[in-house]
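The letters A, B, C and D name the chains in turn, as written, and every chain counts its residues from 1.
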Amino acid sequence: MKVFDLAQPMRRGMPQSPNHPAYTHALVRRHGDQVRPGGGSAANDIVVTGTHVGTHIDALAHVSQDGLLHGGLRAAEVQSDAGFARLGIDEFPPFVGRGVFLDVAALHGVPVLPPGYEVTASDLSAAAGDMEIRPGDAVLVGTGWSRLFEDKSGFVGAEGGVPGVGEEAANWLVARGVAVTGGETIAYERIAPGAGHATLPVHRILLVEAGINIVETMLLAGLADAGVKDFQLILAPLKLVGATGSPVRPLAVVP
Amino acid sequence: MKVFDLAQPMRRGMPQSPNHPAYTHALVRRHGDQVRPGGGSAANDIVVTGTHVGTHIDALAHVSQDGLLHGGLRAAEVQSDAGFARLGIDEFPPFVGRGVFLDVAALHGVPVLPPGYEVTASDLSAAAGDMEIRPGDAVLVGTGWSRLFEDKSGFVGAEGGVPGVGEEAANWLVARGVAVTGGETIAYERIAPGAGHATLPVHRILLVEAGINIVETMLLAGLADAGVKDFQLILAPLKLVGATGSPVRPLAVVP
Amino acid sequence: MKVFDLAQPMRRGMPQSPNHPAYTHALVRRHGDQVRPGGGSAANDIVVTGTHVGTHIDALAHVSQDGLLHGGLRAAEVQSDAGFARLGIDEFPPFVGRGVFLDVAALHGVPVLPPGYEVTASDLSAAAGDMEIRPGDAVLVGTGWSRLFEDKSGFVGAEGGVPGVGEEAANWLVARGVAVTGGETIAYERIAPGAGHATLPVHRILLVEAGINIVETMLLAGLADAGVKDFQLILAPLKLVGATGSPVRPLAVVP
Amino acid sequence: MKVFDLAQPMRRGMPQSPNHPAYTHALVRRHGDQVRPGGGSAANDIVVTGTHVGTHIDALAHVSQDGLLHGGLRAAEVQSDAGFARLGIDEFPPFVGRGVFLDVAALHGVPVLPPGYEVTASDLSAAAGDMEIRPGDAVLVGTGWSRLFEDKSGFVGAEGGVPGVGEEAANWLVARGVAVTGGETIAYERIAPGAGHATLPVHRILLVEAGINIVETMLLAGLADAGVKDFQLILAPLKLVGATGSPVRPLAVVP
């Protein structure tokens, strides 16, 4: 059995969307601050973070269209100081199931797709080859961009855009009944050069219309390097009651 | 296949140790605050939390004895504003392996063990019965206390104490070469009535001496109710670089 | 010239209302963590806090009645992810003006008023004596409770109630056209035994109806001990854009 | 009497040093989330912030040289999870005293000094003219840069440098026995083009050697526009126990 760790490391200063509270970590108590009789000592931390920071999963509550969440729920009626009474990340059942990796960068013979590249339905179909996509699968889409995570400004890609799934490809996934999908960039979907994160049609298609959760900023380079395409995916986000997302440590397990 | 969710829900006001920064969650942006052209809207959150809050895992860096961490590392040399350069939770490899549940409450025919009860080596041995404990296993110890999670002051157990693993039982686990161990209470180990969290000898034995991580505040009532004792445990904490622990969503998978 | 510091110290674990995010402070970087060439080093911190914690001032945006803020503004129209577009604490002009201290505890010959005691209009009138209250003054009401700040559970006063200004006294202040008022307890107004902070009629009268800001958890023992009743009050809250309140360090200056 | 507000507004996204935790503000509870019987409702917030963010004051504990703080205190002996036992911002007595404004930008006939400009002793002397600087005064140095606060990247000035007090000018201030000094930029002292905040000799001279606190990111444009040079300065930072600094709302009062 081999386990692939599909999460990027979380540390202060890592690349993230400026739309979300920045990840901060600090030691609160260090060893030596308070030594107990007997010589023992405990250290601890504080973490401040948005829920769409680092490798994370979007809850269905994250996006609305015309005031409505997935299933026609009125956002205004389920959001409050307690978070979302419905469709928060606590409603996402931990996923333990089949994962498939559609490596679009490898398909095109490049380590990383160019900024602003739109992944199409044909890309996904060609990357799948004769591997069947079944209802309930988790489909991870490779752009190679997890290799750029340490290049902060490039990774966020404000000016040059970011490659990712386009509307056509999103509909291809919906048609196959996938349970969840993920990618290597902050937004998952394609960001056109200069467009920023202003309109995100693929989020609308997946989260609002189809009820498919999205995992972002995944580390997929290990799968790409090993040529692993079919595996057991484990996706167990924190049970943050009412939250619109959660950091997560996804694992791919091959027998 | 059946998946048991072994994490308690995380929400403001949940019971936690007063030694750690309190868990706080707030919606930052709600639907309707900023509606994009086209009618889309995204909501998001901020989370503030200690790393030993809710269902969580202790890194080896969490506890020192006489200034030394596991393996004789000097704590003062590896702790800084970047957290722990060694033995932080980011060094814990995601665990996907055999888990066993030793239900000491069931052994004694009670739903929950009494406050301050010390789980002994004989308890663990009797609860295991003819089920073998192997090197590398994850051993979860049942006290029934995850059933008390909604009773905040009782769960923290400041005055009456809390049941848990004692020193003898900890040594029993070490002798069997377990990889990781977990329980249902905040401290995992027994807290004598009135003792508070001042001295934690079992943490010293497990984290410092043996290098065995501890999972705390687990939800094990589901395993107890189903009588499940042997399963695949998945333990994938957030990759918080340099942190002394992390919230986690452990899963038990039975074929 | 003598300056009286009217703020309680802010530290982890200080008494505060459980309705607000807890005050937390941690050193992020300590001296020695990162020493610059030449031997210099800088330490810094992180603070997490509610805005109604420690000595603080309520913005008019803090309380609404039937959906309306002071001046009939609809709360729903001015609140968003950016905070309050109107009546946030950033709209409070720093106060530098006359302050008067009405020491109701001294009036009754006690160091602290009993839990649940209602300060009445006659109390205020008698405490003022022949000192005139003028429009635009800041009136600070003494209950002696700043002396109890270190007694955490007593100060919060969940069960026994807390002394403070009642509705009649609030109307007395409104009638005199005061600009701002303050007190020594968390809620400023009287909390009946067992009542908790569920209904706060004095907040409605002052913040919503009269547009008078309230300063809470002030340290007034120094004024009481010195018998100072008439002074220059300086009240300069942080300019937190859109916030419902702010911690503040009020000063009383006597020539 | 006229009161000048010398603080910049605090809001998400304002320019700040990347060395400190970012300022974040969110409404936790909005009006309508929890309406009490009777129709009342309270809104509140959470704030996360570094202590050297927005208009703020440096505590003497902020900087050390060769492991020593002001007065020869060993930093390692006074820093802990409780912050600094000595020289934290809680030891700064609120300042109510004479303030003088030395407008070096006006001296040079420009609204803002160029990036990287070093304010010299002659600049300060010429800006003072025949106005005497006395021991115990607070000296505010005008560079005009508070006018650039809304130009985020320019204000932080990573590449082009930032104007400010140089070593010679710092010694001039020390020689006059000033109690505290302040300026309009993040670092107060001059940052050479491309230098970043790596070495800060003026901080060493003022905080470590002379024991003079520094106020940064002040809004001094109002004083400059009004030509006010001599006033009462009020400086009352939050009483954050053990912290290396605090946000503050300084006021200048002219009769």
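The rule we apply is simple: a contact is a pair of C-beta atoms (placed from the backbone, for glycine too) under 8 Å apart; a residue touches a chain by one contact, two chains touch by 3 or more.
Owing to the predicted nature of the structure, the values given are computational and were not obtained by experimental measurement.
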Same-site or different-site touching of chain A by its copy chain C, using the half cut: same
Chain whose average C-alpha position is farthest from chain C's own: A
Selected interface, A-B versus B-D, where C-beta contact pairs are more numerous: A-B
Superposition rotation for chain C onto chain D, Cα-based, multiple of 5°: 180
Rounded Å distance, chain A centre to chain B centre (Cα mean): 25
CA centroid of chain B to CA centroid of chain D, Å: 44
Junction residues of chain A, two or more chains touched: 21, 24, 26-28, 30, 46, 48, 81-82
Graph class of chain-chain contacts, one of line, ring, star, complete, other: complete
Residues on chain C engaged by chain A in the complex (per definition of touch): 24, 26-28, 30, 46, 48
Chain C - residues contacting chain B, complex: 13, 18, 21-22, 24, 26, 28-30, 33-34, 48, 80-82
Contact footprint of chain C on chain D as seen in their complex: 1, 3, 5, 7-12, 19-21, 25-28, 30-32, 36-52, 54-55, 61-67, 69, 75-76, 79, 81-84, 90, 93-94, 96, 198-200, 203-204, 234, 236-245, 247-251, 253
